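Take a look at the structure below.
Labels A, B and C are assigned to the chains in the order they are written; within every chain, residues are numbered from 1.
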Amino acid sequence: MNKRIIEAYVGEYASGKSENAINRALELNSQGRKVRLVDLDLVNPFYTLRPIKKELGQKGIEVVAWGRGEATGLGEAGSLLKPEMKWALHGGGDVVLDIGYGIEGLKVLNLIEGAAEDKFLKVYVVVNIARPMTAAVGDIIEYVTSLGEVDGLINNSHLGTETDREIIHEGAYIVSKVSQELGVPVVATAVAKEYAHLVGKKDPMGNPIKIIDLFMKDAYW
Amino acid sequence: MSIQPQMPRLWRRETKPHKFCPGCGHPLILKALAEAIDELGIADRTIFGCDIGCSLLSWDFFNLDTVQTHHGRTTPVMVGIKRARPELICIAYMGDGGGYAIGSQHLVNSAVRNENIMAVLANNTVYAMTGGQMAPTTMPDQKTETSPYGRNVKEAGNPTQGPEMVAAIASQDAYVARGTISKLGQLKNFFKKGLKNQMEGKGFSFIEALSACPTNWRTNAEETWNFIEKDMTKYYTVGEIKAPVQDKEG
Amino acid sequence: MEQKPIQGEKKVFMTGNETVAWAALAAKADIMYGYPITPQNEIMHYWTRLAPKHNRKFLQTEDEISAGFTTVGGVLSGKRAFTATSGPGNVLMQDSLSMAEMMRIPIVMVVTQRGGPSTATVIYSQQETTLTCFGGNGEGIRVVYSTASHQELFDYTIKAFNTAWKYRFPTFVLGDGYQSQMREPLKIYDPDEKGIEFVPAVAQLGVEGEAGVDRDPIHLRNTYNMEDELYEVVRGLVDDFKAVAPEIEEYREQDVDDCEILVVAHGIVSRAVEGAVQQLRREGIKAGSFRPITLRPFPEKHLRRNAEKARKMLIVESAEGQLRRLAADAIYGCQTPMEGLFRPGESITVEEVVQAVKGLL
C-alpha cells in the first residue's frame, strides 16, 4: 500500500483553496485511493462544500461537511465543528483538509485529533495575486509567514471569467519570488480547465501546470 | 432692588426661562454641569447630547453644540462623535429610563469599553414626560401610574443601582459617582472630576444625580426636599463610588 | 504623504464583502461602526484589516442600535462614517436611520440581505427591500441603490458617500448574501484618478468657534411638540426629496423598444432576467427588461413609459412582492397586467424566468 497522503489546503479568503482541495481529492480518488475531504471552514461553513457534497459523494469521495438535511436546526450560520471533523485522520485512507480563512489560519488544525503531530501532513498555501491582500511579494510573505510551517505554494492566480495568460504568468512570477525568499517550493500553478489553452505543461518560471475543474461555481447562484 | 443670581456663562439667555416644570431637578443638574464646564474652560470643544424624556428639554439650554436623540441612544451618539473626533469633549445626558431600561446596553457597554465620554443620568424615580409611570429607579412601594399599589419588588425587582453597577464593570480609570441636587457644590465637583478624566483620556465617567419631579410626585417644596434628602438617600448612597487616583482638590 | 489604498486602476478577483471594504477605503471613509451579523461580516473583517494601514478607524459596538447611532455621531462630527448590516440587524438600525432621515444626516449603510422574516437564513434574499426603502417611522426619505455585480458594489459604494453628503439623505447600498460571498472579477480604482470629486464631509456639531461667543450654538433636535411644526418639517423633507429625485434616479433597460413582455427585477435577480431576455430574443420572443437601480427614489416615469407600451409585465424577485408593490405604486393607473415570479429567500435562474415569460404568451 502506498504511503498515506494527508494534505491541508490553506489560503486567503476566496483564494481558491477549496477548488484545489476538491481537485486534489478527485485526483487521488481517480488513482483508486480512498479519500476523505474535510470542510474546515468555520467562519462561513455554509458557503463552501455543502452545496456540492452530494456530487462529490457520488464520485466516491467521503466528504466530511455539513449536508443540507443535517444542517436543519443547527442555527443560521452553522459555525460548528462536526464530530467527524475532529476524528478526520482516524480510520486510514488519504485525507484532504480544506481549511477556511480566518485570522487563526492553521490553528484550525488544533481541532483535529492528531493533525499537529502527524508526520504525513503537508500544508499547501493557495495564492491568487488578483486578491488585493495577496497581490505583492511582501504581502504574500507576511501572510505565509503568519501561518507557521508550510510545505508548498500553489499559484492559483486568475480573474474568474476574465482570466488571461498575463495574470497566470504574473502570478507564477510573484509566487516564485516568494518561494525563493522563503525557501518553500511552488508545487504547481493551478489553471481552470476553461483556460487550459492559455498554458503549456509548465509556467514561465518552470513550475508544473495543474489543470483543475471548477466546482464552486455551482455552489450557489 | 433685586439681586440677579449668578448664572453660568454657558447658560443660554435666549432660551430662558427654561422649559422644565417649576421645581424640576434638571435645571439644577444642568447648572452644576455648566459651572463645571465653565471652570474647566472647555466650552469651546464640548458637545452635549440629550435624550428623550424630560432631558430633551435641554436641547437648546446651553451655549453648546447640542444634539437630541432618544432611548439612551445619546450615549452611542456621543461615543460615535468621540471616536471620530477625539479632541472634542462629549457629554451624554439622559434620564433613568434611557440609561437603565430601554438603552441600558449602551451604558453597560460604553462602561466596559471605557469609552472616553461622560454620561450623566438624572434619577427622579419616575418616567416623567410620559406621565409618571414606574421607572427602573422607582423606590420599593413607591406609587406610580403603572404601580398604583406601590412598586412590588417581588414582581418588578429592586430599583437599579446604576453607579454601583457601572463601577463594578468599568475600567480602573473610570470615574463613577452619585450626586444629588441637594448638594450642588459636590455635584459640580463630581462633574469636574468626570470631565477631567475625559480630558486626561482616562476614559468613561458616569455620574448619576438624584433629582426631583414634583410634578409627578405631586409634592410641595418641603415634601420634595424630604423625598430627595431622606427617602431617596435611604436607598441611593451619595458620594464617589469609583475614583481613579487623582489630585485631591474639591 | 500617506499612500492611497488603491493606486491607479487594477483588475482584481474578490468577494462582494471585500469589494465594499475596498470601496469604502477608496471613498475616503474615515470610520466604520459595526456589529457582527452574517452575511455582512467580511465587510468588517476586511475593514478592520485594512483600516489601520490607512489611518482609518473602526468601532465594534454592543448591537446594531448602537452601531447605527454611533454612525450618526460620527457623521454629525463631520466624518465620513458608515456601517453595514443585514436582516435583524437592519431592523434594529432603522431606529437610527429614522433619526438620520429626520435630521438629514448623511449616513452610508450597506445592507447584505439575508433570508427573512426574522433570523431565517444567512444566505440570501431580497426581503429587505421594503425595510430598507421605508423602514422606521418615517416617509422613506432615503436613497437606495440596488446593486447587481461586484463592479456595481464598488462603484455604488463610492457613489453612496457622495450622494449622501451632496443631498444629505441617508444612503443605502442594497446588496445580498450572494453578492457578499460570490467571487468575481472587477476593476478597483482610485476615484481621484477617475475624476470623481468627493463632496466634502461637513461637521454639523463641533464646528469652528466657541458657541455663544463667536457664533450661535448649534441645537439639533428630533422631537417636536406641535403637529403643525412637525408637518412643516416633514413637508420640507418630502419636497426636497422630490425635487432632487430625478437627478438621483437610475435604471437600466434592455430590449424595451418593441417588447411585449416587460420583465422587471432589481439587484442580482436582474442578472437572471437579462440573461433570460437574451435567450427569449434568440427564440424570437419579444421580451424586454427594466431594472430600477435606485429603489428610492424609484424611477417611476421610466417604468411607466415602458409599462404602458408592453402587453404584460412580469415582476421577478426573491421576495413575495416587495418590488411589485414599489412598481405597482409607481405606475398606478397603468392597465398593463402585472404577474409575479416570487421566490422569497431563494435564487432565481435564467431558465425559470424564461419559463415564466413563456407562460404569459
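Here is the rule we use: contacts are C-beta pairs under 8 Å (C-beta built on N, C-alpha and C of every residue); 3 or more make two chains touch, one makes a residue touch a chain.
Please read all numbers here as calculations on a predicted model, not as lab measurements.
Peer 1: Drawing the touching chains as a network, do you get a line, a ring, a star, a complete graph or other?
Peer 2: line
Peer 1: Central chain, going by Cα centroids?
Peer 2: Chain nearest the overall C-alpha centroid, as shown: C.
Peer 1: Rounded to a whole Å, what is the gap between the Cα centroids of chain A and chain C?
Peer 2: About 34 Å separates the centre of chain A from that of chain C.
Peer 1: Using the average of all C-alpha atoms in each chain as its centre, how far is it in Å between chain A and chain B?
Peer 2: 57
Peer 1: CA centre of chain B versus CA centre of chain C: separation in Å?
Peer 2: That gives a centre separation of 38 Å.
Peer 1: Chain C touches which residues of chain B in the complex?
Peer 2: 9-10, 12, 43-45, 47, 52, 56, 59-60, 62-71, 73, 76-85, 88, 105-106, 108-109
Peer 1: Report the residues of chain A in contact with chain C in the complex, numbered from low to high.
Peer 2: 13-14, 43-44, 46-47, 76-77, 128, 130-133, 135, 158-162, 167, 220-221
Peer 1: Mind listing the chain C positions that touch chain A in their complex?
Peer 2: For chain C paired with chain A, touching residues are 6, 10-15, 18, 22, 38-39, 41-42, 45-46, 49, 114, 119-124, 178, 181-185, 188, 268, 347.
Peer 1: What part of chain C is in contact with chain B in the complex they form?
Peer 2: 30-31, 33, 57, 59, 61-63, 65-79, 81, 95-96, 99, 204-207, 209-213, 217-223
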